[in-house]
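So that we are looking at the same thing, I have put the structure below in structure tokens.
Letters A, B, C and D name the chains as they come in the text, with residue numbers starting at 1 for each one.
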Amino acid sequence: MFKRVLVANRGEIAVRIVRTCRDLGVTVAVLYEPGDMGALHVRLADEAYLLSSPHGYRDSDEILAVAKRISVDAIHPGYGRISEHPGFARACEEAGIAVIGPGSTALEQVLDKVGVIAQVRAAGITTTQPSTRSFGPDESDALVAEAATLGYPLLVKASSGGRGRGTHLVREPAQLLDTVRRSSSAAQAVYDDNRVYLESVTLPSRYIEVPILGDHHGNFITLGDRDGSIQHNTRKVVEEAPAPGLSQELREAIWGTALQVARMFHVRGVSTVEFALEQDGTYRFAEVKPRVQVEHMVTEMLTRIDIVREQLYIAAGKPLSYTQDDVRLRGHAMLCRVNAEDPWHEYLPSPGRITGFRLPGGPNVRVDTYVYAGSEIPVRYDSLFAKLVVWGATREECLNRFQRALQEFQVNGVQTNLGLLRMIASDAAFVAGVYTTEFSRHHLLKTPPPSENLRDLAAVAALAFIGRTRAARPVTPTAFTSGWHRDSRRLPQ
Amino acid sequence: MFKRVLVANRGEIAVRIVRTCRDLGVTVAVLYEPGDMGALHVRLADEAYLLSSPHGYRDSDEILAVAKRISVDAIHPGYGRISEHPGFARACEEAGIAVIGPGSTALEQVLDKVGVIAQVRAAGITTTQPSTRSFGPDESDALVAEAATLGYPLLVKASSGGRGRGTHLVREPAQLLDTVRRSSSAAQAVYDDNRVYLESVTLPSRYIEVPILGDHHGNFITLGDRDGSIQHNTRKVVEEAPAPGLSQELREAIWGTALQVARMFHVRGVSTVEFALEQDGTYRFAEVKPRVQVEHMVTEMLTRIDIVREQLYIAAGKPLSYTQDDVRLRGHAMLCRVNAEDPWHEYLPSPGRITGFRLPGGPNVRVDTYVYAGSEIPVRYDSLFAKLVVWGATREECLNRFQRALQEFQVNGVQTNLGLLRMIASDAAFVAGVYTTEFSRHHLLKTPPPSENLRDLAAVAALAFIGRTRAARPVTPTAFTSGWHRDSRRLPQ
Amino acid sequence: MSKLLVTIDDTEFEVQVSGQPDADGFIAVVVNGESLRVAVSSLAAPEQIEWALVDTRPYEMIVDHDLRWIQSALGRHSVQVRDLEANVARPVSGDGRLKAPIPGIISRVLIEIGQRVEAGQPVLLLEAMKMENEIIAPRAGTVLSLNVRLGQTVILHEFLAEIG
Amino acid sequence: MSKLLVTIDDTEFEVQVSGQPDADGFIAVVVNGESLRVAVSSLAAPEQIEWALVDTRPYEMIVDHDLRWIQSALGRHSVQVRDLEANVARPVSGDGRLKAPIPGIISRVLIEIGQRVEAGQPVLLLEAMKMENEIIAPRAGTVLSLNVRLGQTVILHEFLAEIG
């Protein structure tokens, strides 16, 4: 096994990897940008190195330079840009440093998403229908023509990169070019590649994911399936495993196809093969994500397997620790992303200091986070700051616990999406397990919550008003606290 | 099932019960003393009732009066005094309110600990050797004579109550009467009964516990075993399951005996049958604890069964949800009690405001607590404020995770035993799993920790000194901050 | 004693609050003629309220800094409070001051002092958490002041510019 | 610049600290002639220090309010610091002031003003977390003042009595 591993990331995924390294007794080094000195991944590491580059965590050259200088055996890039950077993977391989990932060749292949679909389709597997090629954002006429051929609705996706960033749904021709522009500029920012492609989509459908482990010795196993249909701007918000309501026959068919795809591209380590599942039971291969995902926590809760540990073992050349028969998929798990944002205000990001923080607890509840009371959610990074996952022997038990844990989770000082997550967890379609990617959060945000207790809230509001008036008077002239915030902002979607 | 349950306790066990009630969709009412208004069990409950009695949480009459007034179906007393109060249990039964517990008759029986041992012995089971009867604290001559007959070392135990409180080890005759006095006064304070009894003990030995579930229909199952040998003043500090190093044959023999005892006294609900295990493999029945315990979290981690839920189901008259074959004991779990106390200062209690609080996370780590950053650990109650438990597929994996989670757990504002717990988790005997009740923490506290980093700590101490000097100057005259605390206190043991 | 008109979502309540907490920590509040005993975790500022107890009913809650909403376990309720005695409603919009709606970094400045702007015209871009947020002019007028420059980090509610 | 003699457990270190944090947030510290770069989470008070970074080595830590010990992940180290320049060591014991070593409730008062006490004699019982803690006289003398009464709740470090 590795003796020394460098974590090339920050936030909760860096903390997550540090934890597993420590659990394994592996020396763990981390990186930090100047403003991130006291961040949790630094506090918990064995060694911490300052990144001097202005590109910070995104500077693959400096990351590799540090790795060479301090002689680590391996680099774990988590998810995000560095984890999907074939050039970086190849440079590490040439330097004799293992990169936790599928290997540079497989990475290059699966990142060419249009090419992957073509190959998978050539193997006789049903796939989603992509455009014939990728497009630059200025190829308006070609895009409009291609979209007309594919038909609407369709997805605009970044050609590079497997993250939700840059993926947008287009329902009507009028939205196409505006969406392409947004998608392309996000892709440019995240992947340094402004090309996009189009993909035909059938609505309603479901988004089914199959996590896979593969080693250097040709062994591949699945860890069940997940349902990731509930998304916001195509980023998954809530996820559950197993995907509800699938027949065992369909489930096993999907697993089989996923294994076939993973084997086809020799995707080592942990990966996810993702499918669109239509209402008639047709499942179409969509893409391969060749890295750890936020959503893997659901799988960890079902299997009790530490997936980051398996990544390290596999990268070190060990054969899989589990056969397919060893993997026991017990019970049900649900996960959500907790973000510093205000869903009632067009998802306005809300960085800032955490003044109050209380995690839910009890049996079969887990929260992974990089924040704590008194810590800061920085302005510069992603709004995801915690992942909540719960387990139950049955879906019903799991759902009740999910609802309870969400109610218990208290964060003060920044706005969060916890209020919305609570509503999703209580929504009739989610409770019944019959939702699709058309699951709408809009009605949740617009309808006032049911409450027999408005009278009580009025009493509390009155006390808050009096307290505020008292506190506010000495410091701020009234005129200064009024008016400005109404309609004074608009967000780019 | 019950529609409405009253929780008659506070702190982490009250929070724990509230969580399960919410998971089950049962309306949960709680009680609070005036100073406990914002306590977590109150914040998370559906209804909260102020206790006006000066005896607060210990006033069984007021608890029952509230229960009747608000018409609950059941009362969950957690652990502690109210849970071991046969008069309370009987009064509830007469009022038609279910009490989560073994039933008043079984409770009365098992609380007579000398009587229980006699009955168990009569059934042909090897037991510890108690004194022939209980004694008042003033029966000095009789106690000395009885102790001489039993031989030393021996335990002094409270006649009533199953908690660690009031239990003390006596190694030599000279210590006997002083220990009896302390034990008796603790027993008086906790159980309103100052009688004690003596029990012969073989050293070294181990303390093995078998958790049991039993229903109203005569079904009894075990949930494995635990090792509770590491104790402080006979309160368990660290616990693990399964007990390390037992042969499967011995393990199953102990389970069988435990079941036999539980059946003998018709102990419904969750209970624990406890044994002293000697080095030659002789195991002696010691006592029955007829209630949920702090240590049940270890069992929950192995079995993934919510034990509080099973308590409620059983009390509602349901048959057990599990057969013995359904219970899967997978992997290994370790637990510790995290207390607000200073082990380096004779376990001085340390109530106060929590200024910093960060829980460990990652896969298979669980913390149950009633505190959070900004909350108060009150002066009036027990020093236990959190329970940490971790799970691993093997003991080694579990141990590594236990060590890591302990290192990660950060509490500021009060003193805690976390530093000591980290040392226990790294102690050679614990790591090897070959410890007994003679496991000593004293050498851990006296030896300075190993460190190649003293130089670094010196640098930090220098900065702290400078910061302190700067900060202290304007507010406090130097003379005032010095000297007084040295040797100015001594603790009753 | 205070007399307030409190609107929660679309329901109006007349609320009277008298005096200080009693020995148990409750404050007497009368809502639409009904007497309630209310305790809250902080009487200082709305955003410090984390829980409340109304008679025997506990609430976990988050209250907006500007008291525009209250969030309980079930979701977010809009709030409006009017002091019936002061007879002064909360001032309505129309002010030309721009403050930062979130902390962030000024990634583009689209106006200069003295420039004429239309209502709704983008004036600044504020970057936070990998997203750009357009700040638009709340009214037509002239840029009277501009207090930030490109690349500057601003905190929540920081005064950015004024249009008058 | 400060020159200090720092003793950690039984090992002595000569420590020089110069100036303010640099642009990266590190302070230059020389320990036994060796240069280190040190960052700590708070420069205000010892008990606010939660982490430190020494060169590339991160530490989670808790530092005693009175700087008598530092606790790192591995355990608790005793600390003594002497300012070599001020040439004033930390005052040693001998003071007759009694302060509360923990918060608690005065459960027994065993002395009265003017009474003669011996060193080591119990003077007060302080109850906390269901345990009684005996407070004993740090020296022989006369009870000069007694600032608490039976049943009183005292906070940490509260002045209880003085023996002189």
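What to note about this one:
Keep this in mind: a residue touches a chain if its C-beta (ideal position, glycine included) is under 8 Å from a C-beta of that chain, and two chains touch if they have at least 3 such contacts.
Everything numeric in this text was worked out from a predicted model, so none of it was measured.
Across B-C and B-D, it is B-D that has more C-beta pairs touching.
Placing every chain at the mean of its C-alpha atoms, the farthest one from chain B is found to be C. Chain centres here are Cα means. That of chain C falls 44 Å from that of chain D. Centre-to-centre separation between chain B and chain C, using Cα means, comes to 47 Å. In whole angstrom, the spacing between the mean C-alpha positions of chain A and chain C is 31. Residue positions 50, 57, 60 of chain D each touch two or more of the other chains. In chain B, the residues that touch at least two other chains are 44, 356, 407-408, 410.
Interface of chain B with chain C (complex): residues 29, 34, 37-38, 42-50.
The part of chain C that touches chain A in the complex is made up of residues 2, 4, 6, 8-11, 13, 15, 17, 27, 29, 31-32, 34, 36, 38, 40, 42-50, 52, 54, 57, 59-63, 66-67, 69-79, 81, 83, 90-95, 97-99, 101-105, 120, 122, 127-136, 138, 153, 156.
The touching residues of chain C, counted against chain B in their complex, run 23-25, 39, 41, 50-51, 53, 56-58, 60. Here chain A touches chain B in the complex through residues 15-16, 19-20, 22-25, 40, 44, 297, 300, 304, 306, 330-331, 356-359, 361-369, 372-374, 391, 393, 397, 400-401, 404, 407-408, 410, going by the rule given at the top.
Residues 189, 340-341, 344, 348-352, 355-356, 379-383, 407-408, 410, 412-413, 419, 422-423, 444, 448-451, 453-469, 471, 478-492 of chain B are the ones that touch chain D when the two sit in their complex.
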